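Two complexes are shown next, each including chain A; its partner changes from chain B in the first to chain C in the second.
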Partner chain A sequence: MSLWEYIADRRDLLLFEAVQHASMVAQCVLIAALAGVLAGVATYRRPRLSGLATSTAGVVFTVPSLALLGLLIPVLGLGVAPSVVAITIYALLPIIRNTVVGLSGVDPALVDAARGIGMSRRRSLLRVELPLAWPVILIGIRVATQLAMGIGAVAAYVSGPGLGEQIFSGLARLGGANAVNSALTGTIGIAVLALLFDACYVLIGRLTIPGGVRA
Partner chain B sequence: MPEAANHMSGGKGVPIELRGVTKVFPGTGEPAVLDLDLTIEAGETVVLLGPSGCGKTTTMRMINRLTEPTSGDILIGGRNSRDIDPDRLRRGIGYVIQQAGLFPHMTVAGNIAQVPRLLGWDSRRVSERVDELLALVGLEPATFRDRYPRKLSGGQQQRVGVARALAADPPVLLMDEPFGALDPINRARLQDELLRLQEELAKTIVFVTHDVDEALKIGDRIAIMQRGSRIVQYASPAEILAHPADDYVEQYLGGGSSMRLLSLTRVGDIELDQVPHATEDTDAGDLRAQAEADGRGYALVLDRLRRPRRWVTTKALAGADGTAGEVEGEPAGVLIGGRTTLQEALEALLNTDNDVVPVVGRRQVYAGAVSLGTVQQAIQTIKSRERDRRRRQHGDGGE
Partner chain C sequence: MTLTESAEPATPAPEPRLGRSFWLALSPLCYLAIGAAMIVYTQVTGLDSLERNSLGLGFIVRRTWEHVELVFFSTLLVLAIALPLGVALTRRGLRRATPAVLAVVNLGQATPAVGLVVLLALVFRIGFWIAVAALVAYSLLPALRNTMVGLQQVDPHLVDAGRGIGMSAAGVLFKVELPMAVPVILSGVRTTLVLNVGTASIAAFIGAGGLGDLITAGVSTQRNLVLVTGCVLIAVLALLLDWLGGVAQRYLSPKGLS
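Right, the complex of A and B next:
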């Protein structure tokens, strides 16, 4: 059976898995983006706190994803829960770091001007600092998404949803019928998804980065 | 709704008074500002002048509470600034910083609209105000309204910065080295425009700079500061130049005080010389009599509208028997107006062959003349006038 026949044969299943994969990644990144930007906003004015936030996230980052998933099994069991938790945790780091970097990269003179013309701290953050830091934060989210794509594949190890299942079952049956097709389909599927997401980010960037600061 | 500072918007300047203001930054032993008293009259431009680190910027930032005073009171229009919410206070005080500090992600209009929006103006009023301000600072609204700051030159950016500060028509304007980053030509141009605007708007302006010439040009009064924001002298530019309070001030001015007085004084403000003159339909004999009485050997012939036409010598007049207009002579040459500074007048004098240059008023009508003697006399007069004033102020006449 050729790869093409394999895909055509399991179109519905593959489509379902792809949607599952995309949906899981999108939701995890969304959670991570909200939490990460909040953490960045909460800490960027205090270097020690923001240092702590990024280094904590950095330590988690050094744990291999497979190991983290394994560690989560006793706590959260199998399936969606450990997958979502692991992906979200990994996605946090680039987002927190880029939020802190982006916000502290805003020219202090502009913050001074914002406060000086009578903007409250919150307004200055929402109207001046976050919009100016947004391109950097968006890159963080983009990196987090690519990361989540990959870890989403590994999540199949704990019976998580998505295309990872194709890869793992393929690898488990190596030498058997359609083993390579299965693994390949999963891999290519994830790569295609990653490209689609990236295209989305280009679009989001176009729409949300204000004209005056667009590169 | 127009929440902010009804008492503080709408136009003309209000007085500012600093009473015993001290600022100690945490972690530094020496106070940045120590027990400072300063009274700024309504509608006056006061320049805080001093070397970097003398506390002038800190002093200015305490007025809009970007820096909170450690102790002391600041009264703005009679109200203690401590009693006003800092954000509201700042909406009633225009703020201009070096390199403009425009928000790069907003258009020119968006930048200018910030304070009116904070004050809750409706969008129609905001956009009308934006256009009005752009025109005021010399930028064509249709061209510049929708541009982003990075597409503007430094000078244009600072014009927008000034427009943003003026947006809600605040009575007070704080300017922190606003033209420091501009090239000399643009700096001079913006200074001129600030003077023009101020003539119209009569805001109370606190202007921080370390540039002596800028201070002398812009300020109605100048506070010369030393470390710890100690005010060494607080006086008009002319008085500071004529009578620096001490060696520090003299050193800071860096010499050339008389030359600087020349550039501060306008021809219209000094006593002009009068040369023998007559319109061209006058009898040549009358003009000759005048010229002989004067003794300088030449006279100025004016046309029927009393505009200077040409110089004639007594000798040429002696040989003529018609009207003054028929006498041959040299063209009147360069004419200077009342707004010309003495420095420019001197320049004109040095560049002509004549000893005197005619001064004209409106419609080029003859008003008098200046010579080297006139200029010298004017400087002496200014110096002695300032000296007398100081004597009166100090009572004992001690210097």
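Right, the complex of A and C next:
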């Protein structure tokens, strides 16, 4: 059976798994983006705290995803829960780091000027600092999404949803018919999803980065 | 995954910063203590027969050693390929190909590591060297990009100056460009190491051994202790190698650069 026949045969299942994969990644990244930006905003004025946040993030980041997923199994069991938690944790890291980097990279003179024309601290954060830091934060979110795609593939090992299931069922049928087709479909499908998401970020960047900030 | 980065070269991998020398020695000692505590615990606690199969001291040591071997050989191969290739691709004749190569790199980054590992095993066969090949295939691209970016960001004036005082092209490469690019290249090596520890744990799926074996054994026999031991040891190994990479970055970078 050729790859095309394999895909055509299982069109519905594959489409379902792809949508599951994409929606899992999108939801996890959304949660991570909200939490990460909040954490970044809360800590960026206190160098010691933001140092702690980024170095903790770095340590967790170094732990391989399969190990973290495995550690979550005794606590959360198999299925959606450990996958979502692991993906969200990994997605948090680049977002926190880029938020801190982006916000502390804003020219202090501009913040001073904002305060000088009578903006409150919150207003200056919302109207001046966050828009200026947004391109960097967006890159963090984009990196987080790419990570989440890959970890979503591993998450199928703990019975998580998504296209990773194709890869593992291919492995389970090692030597059998369709083993390669199955693994190939999963791998290519996830790569295509990742590239589609990446294209979305380019678009989001175009739409949300203020004209004056764009290089 | 990892450690994976986006299209923008402006995004360096998240790196835990290394502090003073006291702190420098403290974190690996902590990691080692955690790993040792885990192993000691598995040895003194009561085990059933299934757990004893996967948690014997000899078994753990052998799996750890396999993991280290997987990481060692794949990282070595990646360096042997990425460094000369990166240098070649930034030379005058091939420089025009750089954007194309970087585009391929980004495409490769979108491919999930598990998929690559499993596919190689399905197409060829199961085993240690196939796993090494998968690890190399996965971590080659980021290492290559770091080498190229490192060399590209060297100030062209310095290259010019080198040529101006009569250095040959090779002289400029070895005495100016490569030393200036060392920090970026080393951070690429560090990323490669950590990435390989993670991918090597996936290699257990295709029968290449390593500590991932404890994870698969723990999941299939529903023994959480086996599972957790595997996870903790993999994490400790990744953190230790990352620390080693950080130390190398600190001491191998040319002194005048920082």
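Simple rule for what comes next: the second predicted complex is superposed on the first by the 215 of 215 C-alpha atoms of A that agree within 3 Å, B and C clash if a C-alpha of one lies under 4 Å from a C-alpha of the other, contacts with A are read in each partner's own complex, and residues count from 1 in each chain.
Definition applied: a contact is a pair of C-beta atoms (placed from the backbone, for glycine too) under 8 Å apart; a residue touches a chain by one contact, two chains touch by 3 or more.
Just so we're clear, the structure is a prediction, and the values are computed from it rather than from any experiment.
A.B. asks: State whether A:Pro210 touches chain B only (first), chain C only (second), both chains, or neither.
C.D. replies: A:Pro210 sits against chain B, while chain C stays out of touch.
A.B. asks: Just to be sure I read the superposition right, which of the two partners does A:Gly40 touch: chain B = first, chain C = second, or both, or neither?
C.D. replies: neither
A.B. asks: Which of the two partners, first being chain B and second being chain C, lies in contact with A:Gly102: first, second, both, or neither?
C.D. replies: Touch partners of A:Gly102: none, neither chain B nor chain C.
A.B. asks: Once chain A of both complexes is superposed, is A:Ser120 in touch with chain B (first), chain C (second), both, or neither?
C.D. replies: Only chain B is touched by A:Ser120; chain C is not.
A.B. asks: Between chain B and chain C, whom does A:Leu132 touch in the aligned arrangement: first, second, both, or neither?
C.D. replies: first
A.B. asks: Is it chain B or chain C that touches the larger share of residues in chain A?
C.D. replies: In the superposed model, C touches more residues of chain A.
A.B. asks: Which residues would you name on chain A as touching chain B in one complex and chain C in the other?
C.D. replies: none
A.B. asks: Considering only the defined contacts, which chain A positions touch chain C in the complex?
C.D. replies: Chain A residues touching chain C: 51, 54-55, 57-59, 61-68, 70-71, 73-74, 90, 93-94, 97-98, 139-140, 142-143, 146-147, 149-154, 156-158, 164, 167-168, 170-171, 174, 179-180, 183-184, 186-187, 190-191, 194-195, 198.
A.B. asks: Enumerate the contact residues on chain B facing chain A in the complex.
C.D. replies: Residues 4, 64, 66, 87-92, 94-95, 97-99, 101-107, 114-115, 118, 148-150, 164-165, 174 of chain B touch chain A in their complex.
A.B. asks: Within the complex, which stretch of chain A touches chain B?
C.D. replies: 107, 109-110, 112-120, 123, 127-128, 131-132, 210-213
A.B. asks: Contact residues on chain C for chain A in the complex?
C.D. replies: Chain C residues touching chain A: 1-8, 10-11, 14-17, 107, 109-116, 118-119, 121-123, 126, 194, 197-199, 201-202, 205-206, 212, 215, 218-219, 224, 227-228, 230-232, 234-235, 238-239, 242.
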